[in-house]
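This is the structure, below, for whatever I ask next.
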């Protein structure tokens, strides 16, 4: 797994995350204002959109803009990414600003939703640095913990982390776990794919997932140890 | 909780499920043919659609047909219901026929997705009886187990089953569990609502959910002990 | 024919109307504000939406939300219901509030549009009681007359009231009449179905329709003689 | 009122109908094949679409293609035109071909729907001549009667035919009548506009409407007395 | 080529332009206000929409409103018309008002986009006269030059102006030129249709196009030499 | 300018093109079959879709899939890319297969449409190599010439090649030229941006554009001199 910050230069945070053959561009853009239902609350908002480029998959898939509607899978993943990242950030600190997360899959080979969450956390972290440097945050440390995600599957009876597409598509059980570096869970989704599974399998998958997340936190930390990949305003005496 | 079979008379299975103030009409309609991507496979299909009537909620919500698109939450739940029921039925036994499950929420007060799965299982069971009586099944017992679902929440630090809306909306963790009467899991989805949760909470919620499912299986069994609520063709000697 | 008030509890008016095998849930929800084109007029508004649940018909019909557009028949009936009810209510008395009528057909067997109007009148009446009890009305009696509707058809040369679907679909002429209990007409729509008809037939159909409406007014009156089916605020001395 | 045949030259029938300031281009295009639900029936089909050009109204109205959906009024009128014309033609005579009627309002000043039906009848008649000349009809006279339509309104208590927009918009009752030259009715739609009306008014409006239709039949007959406005194939001896 | 002003009477400018068999109704409607992104700028706006009536083409084409989306060709031409006309008008003179150009093709036989621009210029000119007479213009002469457009094609190796559809569809190169009567260019679009072309061909096409535009300017001038085709307010002494 | 082949590994051709700060991922995917209107012609097809990732621009732009429709600019550019590439390939050689070009802009800073065409040519070239190696081509050299595109602008009166966004947005004239390495033109589009331009400017822009294309052909040639970036089947003796 590899995380590249500053992959593009316009958004406040822009990360390329690579997980085996899977490659996702995760960006965090800051825009003024919040959605109508949140106006005049004094609170910020974080929203997320996930999409697959047409040529990202083994066989080209149609473009959702051309179809004129966003599919169920896309919406489900977009909602998952948004919920996961909102778990680590104090939206009150943003003021009435929105951070828009975009996860666009350039190449897919299994685990795109968990790679997206993992990369998006780093992009979000950069967007927060960007906002802090501009003096836009009410609280200079609005992020309370790190967020990472892994997928775990059972193939041929064995629990396996982050399956490539070829194996993932024949997994008997498929689970996505979003966790924090403080050892708690944010979201867990487990599905028997055309089968059901005992609770003992759930436990084994969870063990494996949490170990996997620990490895990812190390990679995220290493990536974030480097300086912010773009120009930041000079600190001034009295902001 | 109350399950009424034969709630309407056109579909092969029609069930009204009532869970506190929540009321969902769950139907199973049989149609000939399968979606294009499954044609000539010899296999049947089961699909599900969930929707909320506009006046089902405390405050009227806009109609998705008028908006011209199906929202993310609706799609997510529709997909969950479909996956859950496909876990218990042998689609090969249906031949190239489709069972369309519709879960329309007449009144909502928390737990509509789990009530929908629970009711839809009973409607599906009636549709299978209907198909069997018409000699349409390759295997007379295509259902391998019962399916039920419950929601569990943590409110004020306590694990609680099937919260009404007012409490659900302030739950700290929210989990939906779909299980079989053979003790296995079909799907588990747990989310920290603006917070994260330790693994010990997950375990407690799961204990509670599985006990809840056992109660539901008893209610489903009692409802299904009554005869099929509509006319069935006479058995004949030589079909 | 049977009218059940208080069928669900969230909307201000909620009625189940049953006409033979036809069953329609009619609700009247009160929302603050009016559509943009009516703002700052001081007048209220009444709008109506009709829809058929997918499993309501003999053969399951596709969901309009999934198709992404509302069909012509649905829009035509929605508009008819709205016009019919606006004929009996003084919108100035509502202030800038909107009453949204929803007629969702749970089971269809002919005459769903006239059943909808008939039931919606009762739901509207309850919504007015609800608004009056909250002191929201400029005029305590904004409803000037009762509204009911019937369908009349000619089958095999004979005029018949409220045909079930099987006969309705082979009617030679089909007419919907919306009338008031003061003996006047609100709307009349007559169509030769693949044929034409003489004016004498129109007259006979109208005779029959007006008699039918009188029976319905009696049923509506009996239903409305019962107290409002939910809690109302205590009357106070000085509102 | 004025009817111009051969207004454009591509469709089999193309008519400009002028009714006061109202001007509608009515065309009848012949296409091979029928909609999917009618295939292999041996029967033809007739469909109709009505639309208003954006600049046809006093104040420019938005284009429905840009809005992405067809409004309720447009659909209602399209359906009315289709039903009205199907009443006069034997669809079996067409074979599996479709006649598509298009009524596009170039300028609107009241009565556009009735002008559309009146003009569309003439365009249909030309399309039938065109098909007959090509030997495409099973029955050389598939049209059984003439069709015309008028609108009648009550303004200031007086019954009036074909009101211009300015008066139409303040009519107390508005009725559209579609009739045949054999004295029968095809469709009748009467609406109290924010008011209700006694049966005696209905009768007076109908008297007036039927007289109006007689005048229109004379104008249609005069227009159709001229030869077909385009080239027709030479009759041959042995088709 | 023929230009008829005052073709319809509601819009401020309404022109029928005829180019061989091609006939386009071009209107210019004035509406108060500007699009949201231009509000509070003090500047006006000019927008354009192009559409083909279904029966305008040799074979009937589907209605874009019914398809629910505007096709790429339609959007491309609409944008071209808007850009072309914005080149000749000082939008600051309009104040915060919008001129909406509509070009609806009644009959198509090649060159509909250039006919549209040519006719729309005349409609725009009338709309400006209308606004000036109402004292709505900050600058009485906001139009700086005339605008006309022609299409040029290469068929069988020869450069030809304004091809009818039958020849246009087999042109090897197709070019649209929008020019001003001051000898400058507004827009040039040249495409090899399944082939490529040398720069010398481009030069020849451009020579031909500019000569063609000169002829059109003469026709536009002749048409505009007549008085405004509708009533204008009386000039008053002191506006 | 930099061209990277083999940017992703699923599509037959995958190219990252970088032009200053502009970066576009251009892929060419091969799919069996052709659109319905081209079936049974024996000919292949080439189609193209262009899109901007939401975070590609200086300010985040909304996703077209979420808006539910493809904007005019997007459609215009998609059509241009498709036409441009179809000019260099013999579609008969492909048999009834489709090459789908996708140009997704990862970062935009002016000239995204011309960068897309330039990169897409290289991706197309790789897709042809891929098809040839699989023995799918009727003609082993279906590409007749190279295709490149540049944008030229006039800023402050001076002709300039490939302007970055900041200068492009204040250009007085903007022209896109698509040319072949045999010295001919494929497409030329020139627009005065709120102004008009003399023919002499057009000539100067064209001179500059053609020189620019020559530089690009050299870069394309250098990129294509490297071997195909993925595995190709072994040549066999007897295919």
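Letters are used for the chains, namely A, B, C, D, E and F, taken in the order the chains are written, and counting of residues starts over at 1 for each.
Note that in this section a contact is a pair of C-beta atoms (placed from the backbone, for glycine too) under 8 Å apart; a residue touches a chain by one contact, two chains touch by 3 or more.
These figures come from a predicted structure and were not determined experimentally.
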Hop across touching chains from subunit C and tell me the fewest hops that reach subunit F. 3
Name whichever of B-C, D-E or E-F reuses the A-B interface, so over half of the contact pairs are the same residue numbers. E-F
Counting residue numbers used by both copies over all numbers at the interface, does the subunit D-subunit E contact come out same (over half shared) or different (under half)? same
Averaging C-alpha coordinates per chain, one finds the centres of subunit B and subunit D separated by a number of Å equal to 49
Distance between subunit A and subunit D based on Cα centroids, please, to the nearest Å. 58
Roughly how many whole angstrom separate the Cα centroids of subunit C and subunit D? 30
Which residues does subunit D have that touch at least 2 chains other than itself? 68-70
Which residues of subunit B touch subunit C in the complex? 8-11, 14, 21, 23, 25, 27, 29, 31, 49, 51, 53-60, 63-70, 74, 100, 102, 104, 106-107
Please name which positions on subunit B make contact with subunit A in the complex. 69-73, 75-76, 78-79, 83, 86-87, 145, 180, 182-192, 194-199, 202, 206, 210
